[in-house]
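So that you can tell them apart, the chains are marked A, B, C and D in the order they are listed, and the count of residues begins at 1 in each.
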């Protein structure tokens, strides 16, 4: 993250919609002399739900993050039992762990972005099942853990053991990034990491769920290929979508060309989705996201 | 416009930034039981200026547009002498006049969009210097005025006379659309229509100001061509930019191909800019715009 | 079409790949002193098939289109029984018929493009089941046929009768454009019009096949919506794809907003696909297309 | 580069256009039993010049690259004294040197792509004036040279000495990549490296030439920012353009945000332009490029 950036508090809230919510929150911040530098609101007519994200200059408030949390929690409580909210402090960098398999392009991209201070996070560890990536990761000053995954067809008990080790190694970061991690997480890990495990799927979902999406795209003869960053849920490739983008292909592109060309869009989509998650721009409701840009 | 759409009031405000503005406006609307369906805020660190756009369901307020104007004006007055604000009523459609020359593709596009009820406006008239367009315009139920422009090199007095007629024909609509209108407006008309005359320039400004921008683009060998929708000001192609977009070209495209292919992006960019203007999404400050999407 | 454009012959060929095909064709054209202004080649490693499109200045050849056809047919015959080829003359405009239902935005767009001479075709007729579109179509100098379709649930014999009338009205044009034509063509019409009936589907296929794709897209929470231009085949929305594109949406867009915003991309994608078809840029092989840009 | 890729010869040729060139080249390749896997042709009506690029499977020819060069040279000689041509062998990887200053994001991106075997090149060296980048570069197995540049305002003789050292360090690679290298090359180096020095400029040229283009873009209020990959020539930011792309910004983006967000498009545009250069897809004519995709 950029050490010169001004320290800020980021507040998010979602609750059933009614009149007066904006006034209540804005009034609360105004009373505390909070200087709002960004404010996003969304009223969802489909669900009757309200969402907001507010960014306040830390030095404009006469108290610290914990006090802000306590006071904002009281405001949220007035808005009903279903209200959910967060307050984060940009002075406390988020902590991230990256999981990777053989395809390392997203990992390389993330390491470059961390080195260039483009992402507001501290990279605690990279965990991969190919030892060869260790040297580069460590050159970036990041610990690398090698964790061999049992081959397809292994017994459930063996898989369970490995995922147990993975769970231990990951710990409790703010975000777990599946950077082309080609293992399917067991449902209990999906639930434990709900709302903070991001995956990059190499297709424009819901097209081409599952394995070898570029080969599926080639077979169908589509004219654009895409990538999707979404939260991991127990159902494969079906979690709330954070970001998607596409790139043009044509008849001259083989499935192998698509694999290579798609990397550009995977890198972009994952890094955008991750950045928005880290900046608390993404609010999940049901199986959809509100993303405050 | 879509006659089934719910009636709404749109409030915009810009003023020097300070704490408490959001609370003041939100409190005002909450006190009146206004149901906010869209809200955009922007704090500009460069200029120290604050901008907002609020959309309220008309039936949620216990009074009419005039009363809302009067009350909101009082709130704005508290925010300082520099504050500027508007309140519009989507139940009163905006009125538009389109100016066109020989290149009719943007006109055709706008007529199609009006017919499809995509633009929240009433098209009062089309004014062009080629009579041939009259039949189609009238088939759309829109009056067409033929106004011959003096040829290049004509005396100032003659030009002045024609622009005087143009001014009379245009009247006082909410927006004057220069849909590839190849005449340079005199400074006094630019000033009279300030903030409500939209032009489409067929380049990605500030590149290729002035005449034959596609030919300039071809000569430079750029790989993308673009279009820019901006407010008209006395300085040619230098007004506040509302919207821009680009399209890919390659070595196989001649300048004539670019002229044809560029039309797609001109149509899109003009119609987007126009829609945002009609929906009061565009706030001008200095030579820049804030566009609330 | 543009009457000032230079007259050209367009040759296309597809056949099993082998060495020497390019030399054979190029040699044939060189022997005839043909001036090649565009040439596209594609060798498909997946199918082992070869595709080419050549554009020759008509005035560079010492004979007419029929003679060119006869000579080129002889060359193609050497390349095997599976070779298929065409020779068209840009001096003979293609003839088109447009089918439309209630949603008229693609029709309006096509009419505007025909008026602006952007499409190399003559529009023979528009056939629709809403009489209200007749006036505008006729103002463009194009015949309009009103054909009422039996309501859903009607008996097969009644439907068959209407599609029989449709078949008669359409006749034998070079292209039948389903410009948001909301009727499913019977298999026998799909087969009769194979390779010359273009449909615009309002999703990024293969996502969201069938009815109400924008509502499906809204429900899934995708971040981009798209449109697909494809050849009609008996299987719904499954024919060879000619062109696709997408547009960004966000959480603020309702399904109704997507319907409106998607029109922009439907217009673009249909007009591009149609133009490429008219310029003989699209070669179909199996369920995929080669598009020479 | 991908070691599993099939070995190929890439032929390029440009010469004044006339009938029969395609036949001559195709005939030459057919006589040698060459299996053409890609072929691009371009006839430029503006300059009357002809361009082609052909890719042939190496194992389809009964002789080696040198013999192919000798024979193809003879064919080119028939096409006139102005004809220029190249024959390269994908089995001999191109050699690259990267120059970098403080902004390291393009360097990081290139290192990641080299590690992922996405670029058909061997990275011989990275030369930078910040020693801090050395560790990561070396972890990628690439030599790093630290070369301090004299501060602005230094005497010409001192600058000349440093550029002399740079010239020595660079040697004679196939491509010199200025990956956000913030020094202006002296004219003699531009000439020596003509056609093989690639720069990435952080604007959509010709807009915003020179220093701090994002700040210029911010001041003008554009709605898209871009990047341009071009060959270096003695005139600043004016060389032949290879590739450009843009990314959307809005009123919420400060100049600093644009700097950060623009990196995404700089990385993409530079890596695309570099790849096309390495694959001999870029032919320069005057101040423009033909890029065979």
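In this section, a contact is a pair of C-beta atoms (placed from the backbone, for glycine too) under 8 Å apart; a residue touches a chain by one contact, two chains touch by 3 or more.
Here the structure is a predicted model, which is why all the values come from computation and not from measurement.
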Any chance you could check whether B-D or A-B wins on number of contacting C-beta pairs?
B-D
What chain is the most remote from chain D, judged by the mean position of CA atoms in each chain?
B
Chain B and chain D have mean C-alpha positions lying a whole-number Å distance apart equal to 41
The distance between the C-alpha centres of chain A and chain B, rounded to whole Å, is 37
Scan chain C for residues touching two or more other chains and write them down.
38, 45, 252, 293
Looking at the complex, which residues from chain C come into contact with chain A?
42, 44-46, 51, 204-208, 218, 220-224, 226, 240-246, 250-252, 254, 287-291, 293
Chain B contact footprint on chain A (complex, rising order):
19-20, 22-24, 26-27, 29-31, 33-41, 43, 45, 60
Touching chain B in the complex: which residues of chain C?
38, 103-105, 108-109, 111-113, 115-116, 118, 135-136, 138-140, 252, 260, 263-264, 268, 271, 293
